[in-house]
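Following this message is one structure expressed as structure tokens.
Every chain is named by a letter (A, B, C, D and E) in the order it is written, and numbering of its residues begins at 1.
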Amino acid sequence: MPDLLKIDALSAGYGKATVLHAVSMAIEPGQAVALLGRNGVGKTTLLNTLIGLTRHHGGTIDLDGADLTRMAPERRVEAGIGWVPQERGIFRSLTVEENITAVARPGKWTLAAMYQLFPRLQERRGNFGNQLSGGEQQMLSIARALVLNPKILLLDEPTEGLAPIIVEELLAAIRRIVRDEGMSAIIVEQHAQQILAITDQAIILDRGAIAYSGQSQALAEDRQTLSRFLGVGAS
Amino acid sequence: MMSVREKRQSATAEAVRSVMKRHGRWSRLEIGFWLIAVAAWFLLPGEHLILTEIVIFAILALSIDLVLGYAGIVTLGQAAMYGVGAYASGLLSIHVTGEPLTGLLVAALAGALIAFPTSFLLLRGADLTRLMVTLGVAAVLHEIANQASWLTGGADGLQGIAIDPLFGTFEFDIYGHTGYAYSLVVLFILLLLARFVTASPFGYSLKAIRDNPLRASAVGIPVKARLVAVYTLSGAYAGIAGALFTQTQQFISLDVLSFQKSADGLMVLVIGGTGYLYGGLVGALAYELIQDALSSVTPQYWQFWLGALLIAFVITGRDRPRQLINSISARISRPRQPGRLDAVTVADKGKPT
Amino acid sequence: MLTLLFDGLAYGMLLFVLSCGLAVTLGLMNFINLAHGAFAMAGGYVTVLMTNRWGVPFLLTLPIAFMVTAIAGGLLEKALYCRLYDKTHLDQVLFSIGLVFIAVAGVDYLMGSQQQILNLPDFLRGRFTVGGIGIGVYRAFLVVVCGLLAIALQLILAHTRFGSRLRASVDDRRVARGVGIRVNVIFAVTFAIGSGLAGLGGALGAEILGLDPTFPLKFMVYFLIVVSVGGTSSMTGPLVASILLGVADVLGKYYVPSLGGFIIYIVLVAVLVLRPHGLFSRAA
Amino acid sequence: MTAVTLETRNLTKTFGALMATTDVSFRLEKGARHALIGPNGAGKTTFINLLTGVLKPSDGSVMLEGKDITALRREGRVQRGLVRTFQINQLFAGLNVVESLALVINEREGQGWRWLKPAFDAPGIDDEIAGLLSDFGLDSVFDQPCSALPYGKQRLLEIALAVACRPKVLLLDEPAAGVPEADRKEVMSRLAALPADVSILLIEHDMDLVFNFANRISVLVAGALFAEGSVEEISKDQRVKQVYLGGAAHA
Amino acid sequence: EDPVKVGVVIPLTGGFQSNGRQINAALKAFVATHGEKAGGKQVQFLVKDDGSVPDNALRISQELVTNDKVSILTGFGNTPTALSVAQLSKRAKIPQVIMVAATSSIMKASPYMLRTSWTIPQVASAIGKWAPENGAKKFVSVVSDYGPGKDAEEWFAKTIEANGGTVISKLKVPLANPDFAPFLQRAADEKPEALFVFVPTGAGAAFMKQFVERGLDKSGIKVIAMADVTDDDLLNSMGDPAIGVITGGPYSTNHDSPENKAFVEAFKKNNDGMRPNMVAAAAWDALDLIYKTLDKTKGEADGDTFVEAAKGMQIASPRGPISIDPDTRDIVQDIYMRKVERVGGELYNTEFKTYTAVKDPAAQ
């Protein structure tokens, strides 16, 4: 299958400082990728670079045949990227419903579908963005990315702050969306095991470069790599 | 024998100490600045008038910096305290005594007295609200001064101010020789005081409030009381600036309370940069000199060029001069500051291997 | 008494039409644009020039004043303003004051410093009486135009996708772009509309307020008062604030002329102390 | 019998028609390691906001060590030892790590009104700061401005600031959010190592942490207390599983 | 030989800039016709903008005196700026020739002050004398709320009461006042025979417009105003509302005399057809006074000599004969009652009655 997203020797950063160093990877349609790594290694920066919010220093990004490298963020969204920022980025002076409808694009994922996925949001539809609990904001951020009906979802710690039962549902939903709808996803997560269970590929970043890349399942069993780069499972 | 952890911790403590020591130290640039200001008294006798005006302007801007740069309160009403200080010292000289230092004290008190109740109006609300409330208070005072012409002389200005010679010896001459020396010393003292204040626990609590009032209160800082305190202090500063104006000019008009005065004060501060005390000085110096030069080239249209300069200045980045100053001062004083090097080594040591 | 109330209403409407552009740029875009009055002045000069020198019908000059200033605003946005959204309010203040200086000196150079006096067409002059209340024709015209404008603006901003996209862009430009909102276009269009409204306000206001190069400085404070008293989250706020200020000002000056200069500031401070975010505001 | 440090009586908060906190009577025992869990939007953060005075309750009262503090201001509560951390980091963006900690320590020591004395010359302040820095893994970034720290470090500083207040009662709102798995245990063990008489109320959605850290758990659902018990009891409670835990209980 | 330096401190920006503009234009015309020599010396003018702010006026004047070594200060577009410099003029013994500021009391502030403009009481009292003689006795006064406005109100009331009239209500309008509606309504409700009006140039046009819009012109209430309201500079663009307005003032552009014809012509020629108003005439006369006095002192500009020489000076001014009162150093001049009329397609203040050699009544 042809790659959906292809990144080649991508370098980027903030101002003059380079944070990402020549990162290359490829994702097929319908594939979910776990993006792991310690604090501050550049996971968020990689996602921000894909959506176009960092300074480009080198390399290329190609989505479904379109060259995104120099595109403005809003154009990348049109080209098929849905983004869930780490800090959620809920618009505080819009209601829950407006947060969704203001950005929605035609497609399978609609406001109604979001309310079905997160009934909580429907209950709070009239609340302004700054009148939501942390978890509600997280749900809204994910809903807002889905209604863009993207080809690929970029999720930056999407389970953070969600109740365990919601996390389960959410991860199941992501898995379903990826498997059944052919949407791809890159998911940054702190909980390695949880995410490796629902993704196909895994990438570990270390100091802005790819330190490991392989099958999720293989990594889940590779305690040594996990403890070396993530510091988990060693004890 | 110390454990690894203890060793690391004592190295950290050492580095922390060196960072702390950096605070409040006089940089060479600063010292140089003051030397030049003093030298100007001897070398530029013809410029004392404009220099005096600059110094007074700088004190007004400094008073704004205390609330804006350190406590995050934007204000367009500093003229209220400035003007009240000016009138207080002027009236004092007419009705009680022309002794200048008493005038300064009375003006400081008057400024603080106006600022204190006003500050309670500023405790709630965002930038725009504060801008408008301060503006409104100043406008009301302006109108009061206008109406009370039996006391203030109204729009025609307060007549009959006579200031005694400083220490009974130094007459306030029309060349501004005494005026400049006098204002410069007052500025120096006020700046010194402000340096202490901003490097004190009180000063740091203000910065905390400026950056995040929610968190400030969550670590036990009484936010409202601190804001009231600093606004009152800044009112005293502004009052002193007003008194200096009265004493060196021996004349007051309603303009001391005008919106223009507040706006100019804010403008020069912003030009020079907020939050490092010297912003007002740098801004006042630059603004006055440029305005003076422009208006002697084109008395009718100098505003046009001033406007163009302001725009260019903002577009290219307002912190440029500040960065320049920082980099110069870093270059000048590097040999005296080993703290930074320590920090780097500790940072390396700090990494677990 | 009723005549007075009507005068207050008309004056308030005038304040509204002059300030609603600022309510858009400052209130909605959160840009402190002190140069608002400069756009209003530009609109005023367009109208005065066209009616007095070229004999264009007054009513026709109004849309032209809107268009001209909107285009000017749009161009300035693209050239300069767009670089300032990310900067602090203080930068914006400094920048827009710079623009005001340029506008004041520039107009002075081009048009001279004297008052420009607008010649209204005959059908807008004079007054008529309804039920014993004397009503100036032009003031009635102002009330109607401004009322319609207020309703239209409120509908657009509160109930269209454009309105919510605009508010989203203001809340967080970065994230807004990241979820596909064309922030640049939205800001440029909004800014142009805000400037156009200012121009229209200037055109309508020249008759009553007069017009000279210091216009932007003279009235800057009034615009700011309206927007801050009204609150920055809707158009109804500034509308109500304008009417309140207009009526209070007129009544105050009639009954206690000696307090004339205080009233507007006292209303300002009182409102802001009681309601720091203005009369109408969303949850802070 | 153990003493109660913090207690609420019939605490209620409404937002318009929404009952965010409904008649909550809750007790926190001295030295407790108590966790508060519950679905998203159950009202946990609101509860903390009521305890700390960020929000005014619609009804009911808050007692700290037997005294009614319902009307007390935020900073007054902090001075009496009731300290919190925030779900979303609240740092002093323009100050660096050392300055932030120093100002908190000064404030705690009642130095906040000293306006002519340098901020950094309180005796022992440097050692205390150094201790906090190394405890929270901040020694590599000690002179960086808070705004430039990576998210994880900001999270750690968020907690360090609260600990620097030397609280009697510490309210932690999702302290581990954004902290990588490897470092979570360390943060939590640091918190666990706080003096035994410090009472801690923890809000967290990471059940690993909750079960390891807490010795008592309350469950809040739709603003009301839904269940309370030991770790054992709660993790086995079918109703809690249904509304909140899902399959996580046996993780 | 050293030139005589003259500092011209005027408002080229700010609220009073139209005054500054007229003065600057008059200066240009004057130098073009009279050259740059007086009393055998080169005369050099240094023009500075005070932005209509007294602080600035003072600082600029100080610099002119201390750095540029000017021997004469002139200009001063309003009362506060004139007053701010008075101390300096007194202390440094510098002649201060006032071109505009019209509050009566300023002359006391410095013994080196000379004035060629007019004083508010001079004009207001003339109006107060004329009105009752011509059938308007019951007045409401509407003046701007600042020094000159209060002067006008006071002196108008004083004279009209002495002449059998009354002022039933005295209204003060804030200087920064966008809308006259409430004041006009109030004035109309008092049902006077006429309004006495003094507002600064510019505001005058707005006032007259709103007066007509309110239908007050048809209600039989007359407007009798100080000359500022129908300023020659703006009169033409004020249009029909201004026609018929009666004002009292020291100068009208269409004053019929050879001196004035020459003045208007020179002024227009040097300033792209701009129309001179009373400020221009006063500025012209100030310059004339300076030249004539220097001629008399042979170029000596020392304060005492200069002021002594200027006292009693008589000049054939464009506005008619004027002189400097030796006791008060203030101007003595004819005050005219005028009526706005259309003359040859343009609006002018046509003079119809003259009060000759009026002194400042406030100084007596």
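Methods note: a residue touches a chain if its C-beta (ideal position, glycine included) is under 8 Å from a C-beta of that chain, and two chains touch if they have at least 3 such contacts.
None of these values were measured; they are calculated from a predicted model.
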Steps needed, at fewest, to go from chain A to chain B via touching chains:
2
Shared touching partners of chain C and chain D are A, B
Looking at C-alpha means, what's the farthest chain from chain D?
E
Quick check: how many Å separate the C-alpha centres of chain B and chain E?
41
Take the average of all CA coordinates in chain A, do the same for chain C, and state the distance between these two points in whole angstrom.
44
Note: chain E sits from chain A at a C-alpha centroid distance in Å of 75
Centre-of-Cα separation between chain C and chain B, whole angstrom
34
Multi-partner residues of chain B (each touching 2 or more other chains):
146, 300, 302-303
Find every residue in chain C that makes contact with two or more other chains and list them.
104-105, 108, 258, 261
Multi-chain contacts only, two chains or more: what residues does chain D have there?
none
What's the complete list of touching chain pairs for this entry?
A-C, A-D, B-C, B-D, B-E, C-E
Applying the document's contact rule, which stretches of chain C touch chain A when the two form their complex?
161, 164-165, 167-168, 170-172, 174-184, 233, 282-283
Touching residues of chain D toward chain A in the complex: what are they?
15, 37-46, 87-88, 150-153, 174, 177-183, 185, 205, 207, 243-248
Contact residues on chain E for chain C in the complex?
13-15, 17-18, 21, 145, 171-174, 176-179, 181-183, 185-186, 201-203, 205-206, 209-210, 212-215, 233-234, 237-239
Quick one: in the complex, what on chain A touches chain C?
51-53, 72-74, 77-78, 82-83, 85, 89, 91-94, 98-99, 101-103, 105, 128-131, 144-145, 148
Complex contact set, residues of chain A against chain D
38-40, 44, 86-87, 120, 124, 131-136, 138-139, 157, 160-169, 190-192, 230-232, 235
